Each structure stands twice: as structure tokens, then as C-alpha cells.
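We just call them A, B, C and D in the order they show up, numbering each chain from 1.
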Amino acid sequence: MKNKPVPTTSIARSDSKQIFIREADLVEELIGEMSFTEMFLFHLTGKKPPAGHVKVLDTVLVTLMEHGLTPSAIATRLIYHSAPEALQSAVAAGLLGVGSTFIGTMEGCAKMIDEMLNAPEGVEARARAIAERHHQAKLPLHGFGHPHHKPDDPRTPKMFSVAKAQSVPGRHIEALLTLSRQVDAVYGRHITINATGASAALLGEIGIPLPIMRGVAVISRSAGLVGHILEESQRPAAAFMWETVDHSVPYAAS
Amino acid sequence: MKNKPVPTTSIARSDSKQIFIREADLVEELIGEMSFTEMFLFHLTGKKPPAGHVKVLDTVLVTLMEHGLTPSAIATRLIYHSAPEALQSAVAAGLLGVGSTFIGTMEGCAKMIDEMLNAPEGVEARARAIAERHHQAKLPLHGFGHPHHKPDDPRTPKMFSVAKAQSVPGRHIEALLTLSRQVDAVYGRHITINATGASAALLGEIGIPLPIMRGVAVISRSAGLVGHILEESQRPAAAFMWETVDHSVPYAAS
Amino acid sequence: MKNKPVPTTSIARSDSKQIFIREADLVEELIGEMSFTEMFLFHLTGKKPPAGHVKVLDTVLVTLMEHGLTPSAIATRLIYHSAPEALQSAVAAGLLGVGSTFIGTMEGCAKMIDEMLNAPEGVEARARAIAERHHQAKLPLHGFGHPHHKPDDPRTPKMFSVAKAQSVPGRHIEALLTLSRQVDAVYGRHITINATGASAALLGEIGIPLPIMRGVAVISRSAGLVGHILEESQRPAAAFMWETVDHSVPYAAS
Amino acid sequence: MKNKPVPTTSIARSDSKQIFIREADLVEELIGEMSFTEMFLFHLTGKKPPAGHVKVLDTVLVTLMEHGLTPSAIATRLIYHSAPEALQSAVAAGLLGVGSTFIGTMEGCAKMIDEMLNAPEGVEARARAIAERHHQAKLPLHGFGHPHHKPDDPRTPKMFSVAKAQSVPGRHIEALLTLSRQVDAVYGRHITINATGASAALLGEIGIPLPIMRGVAVISRSAGLVGHILEESQRPAAAFMWETVDHSVPYAAS
């Protein structure tokens, strides 16, 4: 450990009378003065966020909160049934499902947007190249397509219109729309930008760093999962889900 | 499984063109129309929440989001260091610390408030009885006392003043203040209402059911933990924390 | 932090050439010399366990490993489907279900056994009192009864016979059997000792402390859940489970 | 869901009188007849494992169980301190650290071993190519090197010697040793095969599929973490660890 610099934290400090979060007095400047969404952005940046950023983040948080009986929601309800004394475990179990299969595609989409925005040859040309690269190699197009919402994910245009009405630059959204046009041209059919892809663009607009983009989904989903626990506590369904699965997947000797 | 009624869910439904959350059209009525906090209350109740309820919930969410290098935050940073490819795991690990030692006391405080509000003999008399019961049996007074913030937790009066400025009844807050006076009288010294206790009163004011009160802390803390992951990704400290603990807790043969 | 004694650990220490676990040289004395089960008991006690203790612990570990598509196994498979890059998350999600509903009853049963063994009036009299107390107050009888295995849990007698063949005192098993006879008499019908109850007796025989009894189930179940992940990786069923649940729990406006 | 084949499970089935795990009668054939390690291999394969396979798996399970105050162990102790009522949460929190930084290298090493064993040009030539490829591109050599155990990880030769004494083919071990010689030659210095790399070779010898190799570490570590919880329950150190970290990582405004 010798000679290594000691790391520091800039998040919080307190004494007996005061608590500071990123140099703001929690009691005087934050409690009662900021919404949850503002406070989260303040936590990340140390600056009071512009109203447009708050609105854009709320758009993503509201969009991703709830999708009904998803794998995460089912896992949460089964674990709540098994350990009702530890609500936090049930939420944690569901959040562990915010992985590569569903939400991780947000990061893949954000990487393509960043690639376009940083391309010396311009967004349009790079969008074409990305579409062709994915088409030829049959790579998954992160942020595109939806198993149920066809031909278009209804959330995407609303998310874009809310964001455009705010004071965000719009470069990430435009890049993704450009990519979408090139995808349709290269693939010879329309593939919708899904809500996860749209979220990548919106979070890019307000400067959420790629390594924690997934964290926005984690926060949003935590609220949805608490809602499932409330319903489960009032109208238990987990035992029925368990029996249903057990009866629906028959035993067969291998 | 025969003859048992099939459970239902009232949370969400969708088809190829529309998504409904609790009978509201997600695209038309929720995205861009509600903040995160409104949406969470709507998720729980199916009704657009009054502005005062949103403000009170934001007060609790902002208060509980961040406390610096807590056990949860340290656990999150250590797990992020160990599995940076799975941000959701790091958040989940920290959330598993929202248990009985710290946040669970919110529920104990809420139960005392409910007991006072439902007492036939009135709040004052029951507050006296509760204080005496805890004093005599040396029971922990959930929602009271703080190891660092003495004589008073600075968050509590601000939380109460924000709530009182809203259109909430104020009965839960008044009951807790009554209990506080009786506690001081019975114990012969001042014991502060802490922020967790104040949170119990505020959440009671807006009708958050006791079984999911802890969930509000889980949601709030998930945002704080994502903030810690951002700092860890930019200025790694987990390896230093690990080495520091390893060097500070010496080996001793048992 | 001043003046508080510094805590120590007796578990492990190492230098560049050697690793010691509880004073044993890992390379010379443990690797290749102990089974997993022996090593776990050595980890807990610092002493090479008697063969009978190993056999009794293996009995519990083998019994609890697998129960088919339980809530834990379903949760693990759903999370593995959602985040296949993080196998550890899927196992963790399932383990979070080792809570009060299923395995926590082991601790309740162990407490009744301890109560009988420590009763001044003797095991038989206290067993009668415990049975009457539970019957009159309609309390759950931890470790007794099974929804599917009627009239008797087939695992229990085998677990007892394996344990009795080893050099364990047998006092915990005898106490539980005494309680079982009193339960049948007081309730006026036969209620089986289930495998969780039998596990409590066996773990008591070999001195596993009550606060970590549940941990034995966690270890055993972790192996079972890894087996479910192997099957899921070879013959995916999680997406089908998800769809089945989604179709089986209909939406109904509240 | 129409027209898709219904998935099946081959793991377990039961009726009121019998429980079968992979076609074996749990009571008659498994409880009291198999050790934990045998049972886990039986769970994976449906066949009674050869004694040599059990010994090799025990070698890996014993080796990986405990490493003192690792990030996982610290996380487990902090979460146990925060939620002592939910031991399973504390173990789960620690297991979430079995990710890419530490144990995930086992899979990278196993992939190199598989690459050598499947190379048309032979193990030696491919080992040379792998070493050169990693050296030129400065890629991490999974399974090689150790920050503390220099020049050699003392566990590795013991693990190999135990495995070689069993009836395992030895091809994976030989391939890894061949790679080690080429690594030393290409890098111009000795880099030890570490215990994680050796584990990859041993698990390959007994046919543990790569997608669940990490699961063996999860199982082993779960036992170690339960041991840490026992020590924490008897000699609490988590609060001290927390305070130590909080004092050692100073606040600095960003």
C-alpha cells in the first residue's frame, strides 16, 4: 500500500450539525428544494441540473419503470413469497435481471451513437457503415427491433418529441434517427428503434456516462418492482406462478 | 391447483400498439407527463397523485439517497470492483444492506405511529404508554436517536416543515412529535427524532402502506449507489478500501 | 474509533509462499487431504472434524440440494436468461429465496429442540408443553408438516437412521422425536417431521450454531442452482416459464 | 407460444412417497450414500461420478473456499451487519463478487486450454502462438500471475499432483503446463500459473462445462462466506471495517 496515492471521495461529508452532499447543504439546499430526479442528477454532477435535463431523465425513468410480468418482476415476486421479511432481497433479485439480454442493449446502442458522433467522415456515412457492418456479419442491432411492438415501438416517437421540446442539443437523437434510416435501407425493411435504444439517445443528450447508463434502468425498475411487491402483498400470485411453472415444464428423463 | 381462484394483476397490459400501466396509456398519459416520483405513486395507486403527495415523497427520497461511505456504499464499490461488467449486481449488493439495522427501524416507528392513531384513549395517552413501555423494558426506540447527529438530527425539522406546507393531514407527524415529547419526559433527556423516524411519519401522511415503506428507501438508495459507482468508475477506491480493511483487522489465532 | 478494541480475524493469513486457513497450511494439510464437507467444518471450527460429523453434514447437504422447480430455481433460471454473462447473479437471486417461508423454519425447529434440551423439567414434559402451546395459540409448528409428503416425509427417517449410525450423541434427534409424539397426541392426528425439521436436529447433533444453520441450506442450494443453470444453458426453459406466467395471470383492472 | 415445443426438465420429480433426482431415488440411493461433492456431480450428469472426479472436484472446492478478507468477504460482513435477519442476503452479496476481476479468469484460461486441445497443429505449436499473441497485444493472460504469490503460487503444483494421482486423463493439465513453458519463453521471465488457472485445468479434466465453471467457485465461496458470518456473529468486525474505510478515504471537493 505504500507510495500509492490515497483515493478520495467527493460525494458526502457531515458533522454533528450538517450534512453536505457534493458541497450542498442537504437540509438547506436539497431537501424540499429538489425532486428525486433533480437530486440524482445533482448527485452525479455536483451541479443543479437544467430543467430540460430533469425532464429528459424523467422521460426515461417513466418509460422503463414497468413492463408487467417480466422475468425481473416474476423473480421479485417469487423471492418476496420466499422471504417476505426482506423486501430488499426481493427487489435485489429482480434487479439482477437488468443484464445483457434486455437492458444491456442500451449500452450497445449508445456506443453506436458515440461512434457516429465521433466519426471524421460524418454521421451519415458512419451510420451507413454501421448498418452494413451489422447486416453483413448478422450482428445484433442493439436498440432496434421489438418482439411485440411492430412495426413500431410506440414509446420511441413520444420519447423523442418530449426530449426535442427541451433544451437538449438533439445530436444523439438525430444520429440514432440517421442510423435508423440507413438500417431500413440496408436491411430492405423497417426495423423500429425500441424504447431501450431511444433511452440510450436521451441519456446521451443529457450527458449520462455510458458506464452508468444501465444504472438509470436499475433505478427506474426498482420503483416498478416495489409496485409489484405491493400487489403481491395484497393479492398473492407467486405461489400460483410457481405451481403453474412446475406443472407446465414436465419432467422427462434425459 | 384445482378450484383455487386464478390470481390477476392490475399493473400492466399491452398489445402491439399500446402499453397501459394501471389503465393509463403509457405513451399518451404518462411519458413526458409525469415525473419519476409521480409515476411511482401512480404505479402504487392507479391515480394521479396530488402535488402535495409528490412533494412529500420527494422529500423522503432526497433525504435518504446519500450518506457517504455507508456499509451499503462500500459493499457496492467492492462488488463493482469485482464484477464491473454487471453494474446491477453492485447496486443489488448494496441494496441488500437496507435491512433491520438501519432502515428497518422505519417500520418500527410507523407501527408506533399507527398504534397511537388507532388508540381509543387518544394519541397523547398512548404516546405516554409507548414511551414508558420502551423505557421500562429497555426496548430500542425505533426512529429515535442518532450516533452522530446530537442533540438533534438536522434533517427532521426540515422534513416536517416541508410536509406541513403541503396539503397532507399532518396526523402522523403530530403523533410522532407527541411521542417525542413523551419520550423526553419519560427518559429524562432529549432523544432526537432521526431522519428514518421522520420518513416513517411522512410516508404515513401520504398513505404508503407499511409493508413497502422500506421500498422507498430501496429506491432512493439505488440512486445513491449508482452515484457511488460513477465515482468508482472515475476514481477507483475499492481496491484501497479492501487493502485498508485487510491491514486493519489483524489475524489472531483463535 | 478511539479506545475501542481492534477486532481480529482467525480465518486466514498468507505470505508469498504459504496460505494458512485457521492455522493449517492450505497446501500441505488441506488441498487433496479434505473433502469439501470436511473443509467447511474445519473452516467453522479450526479442527479436523470427526468422520461422523462429516457424514451427518453430507446427509443434510445432499437432502436439501434439489427440489425441482422451486421458487428459487425458477428465479435463478429467469435471471440467468436475463443476464447470462453473470452466472453468480443468477445463483444469488435464487439464494435470496432461502428465507423464512421455506428454510427459516429450520431455525424455529432448532429453537424448540434447544428449549427441550435445556428444560429443567426434562425433554418429555417440555415437549408436551411446546405442543400444547402451539396447538392452543395455533402457532406454526416449525419443522412439522408437508404439503405434498403425507402422511410422512420420506426423507426424515432415512436422515435419522444415517445420523444414528454415526458417532453423534443423538440427543437432538431424540428430543425432536419426543416432540413429534407429543404433537401427535395433542393435535389428535399425525403430523410428519419434515426434512427441514430433521435437518435442524442433525445440524444440532454436530454443533452447527443456530445463527448459521440457514447457511448450510444456502451452500447446498447453491449447488442445486448451478445444476439448474447447466440445464438452462443446454435446454432453455426460462423464456417459456416467463410466457407461461404472463399468460396464466390475467390482467384485471383493479 | 403456439407451435413452440414445450421445454422439459430432467432434474427432479416427486410424488407423495418418493423424490427422484435425475432418476435416482433420493432416499434410497442418495441420502447417506453420497457426499456433497458426489451429489453435485451426480446432479450435473445423472451418473454416479468416478472417485477420481470427486477427488479432483474436492481439490478445487477446497482451494477456492477461503482467501481471508477479500472484497467478497468484506461485502458479506457489511451486509450481515446491516441485515442480520437475512443471512442469505449477506452470502448473496458476497457471491455477486465472483465476477470477471477475480474468478472470471478461470473461463479465459479454460478457453485457451480448449483452443490448444482442439488445434490441428498440436498443443505445443498452438501454445507458442497463444503466448505470442498475448505478448504482442499485451492482453491479460488469464490464469497466470499473482500479485502476492511470487515467483510461484504454492497451490498450483499441489493441485496438479493431486489430480495426476487420480484417474483423469491429464490432457488439460499438460496443455496448461505446455502453455506455461511457452509463456516463460516468449515473455522472457517466469509467470506462475495461479490457482484459478489450475482450477480451470482440473475442472476441464473432469468435464465440467465451461458455462458453469464459475459456478464451482460460487459454491465453494458460499461455504467460505458462511464461515465469515459465523466469525462476524461471534466477534463483530463489520462496524469497525466501515469506520476504518470511512476514515481512510477522505472527502475532497471535486
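In this text, contacts are C-beta pairs under 8 Å (C-beta built on N, C-alpha and C of every residue); 3 or more make two chains touch, one makes a residue touch a chain.
Quick caveat: nothing in here was measured; it's all calculated off a predicted structure.
Undergrad: When chain B meets its copy chain C, do both sides use mostly the same residue numbers (more than half shared) or mostly different ones?
TA: same
Undergrad: Please flag the chain sitting at the greatest distance from chain A, going by CA centroids.
TA: Max centre-to-centre separation from chain A belongs to C.
Undergrad: Could you grab the centroid distance between chain B and chain C? Build each centroid from C-alpha atoms only and quote it in angstrom.
TA: 31
Undergrad: How many Å are there between the centre of chain C and the centre of chain D, using C-alpha atoms for each centre?
TA: About 23 Å separates the centre of chain C from that of chain D.
Undergrad: When you check chain A against every other chain, which residues touch at least two of them?
TA: Expected reply: 6-10, 12-13, 68-69, 83, 85-86, 88-89, 92-93, 96-99, 237, 240, 244, 248-249, 251.
Undergrad: Could you pull out which chain C residues touch chain D in their complex?
TA: 1, 4, 6-19, 21, 26-28, 30-32, 34-37, 39-40, 43-44, 54-55, 57-59, 61-63, 65-69, 86-89, 91-93, 95-99, 148-150, 154-155, 158-159, 161-162, 209, 211-212, 214-216, 218-220, 222-224, 226-231, 233, 235-237, 240, 243-244, 247
Undergrad: Across the complex, what residues on chain D touch chain B?
TA: It comes out as residues 68-72, 74-75, 78-79, 81-86, 89-90, 92-93, 96-102, 104, 237-238, 240-242, 244-246, 248-249, 251.
Undergrad: In the complex of these two chains, what residues of chain C are touching chain B?
TA: 6-10, 12-13, 22-23, 46, 83, 85-86, 88-89, 92, 248-254
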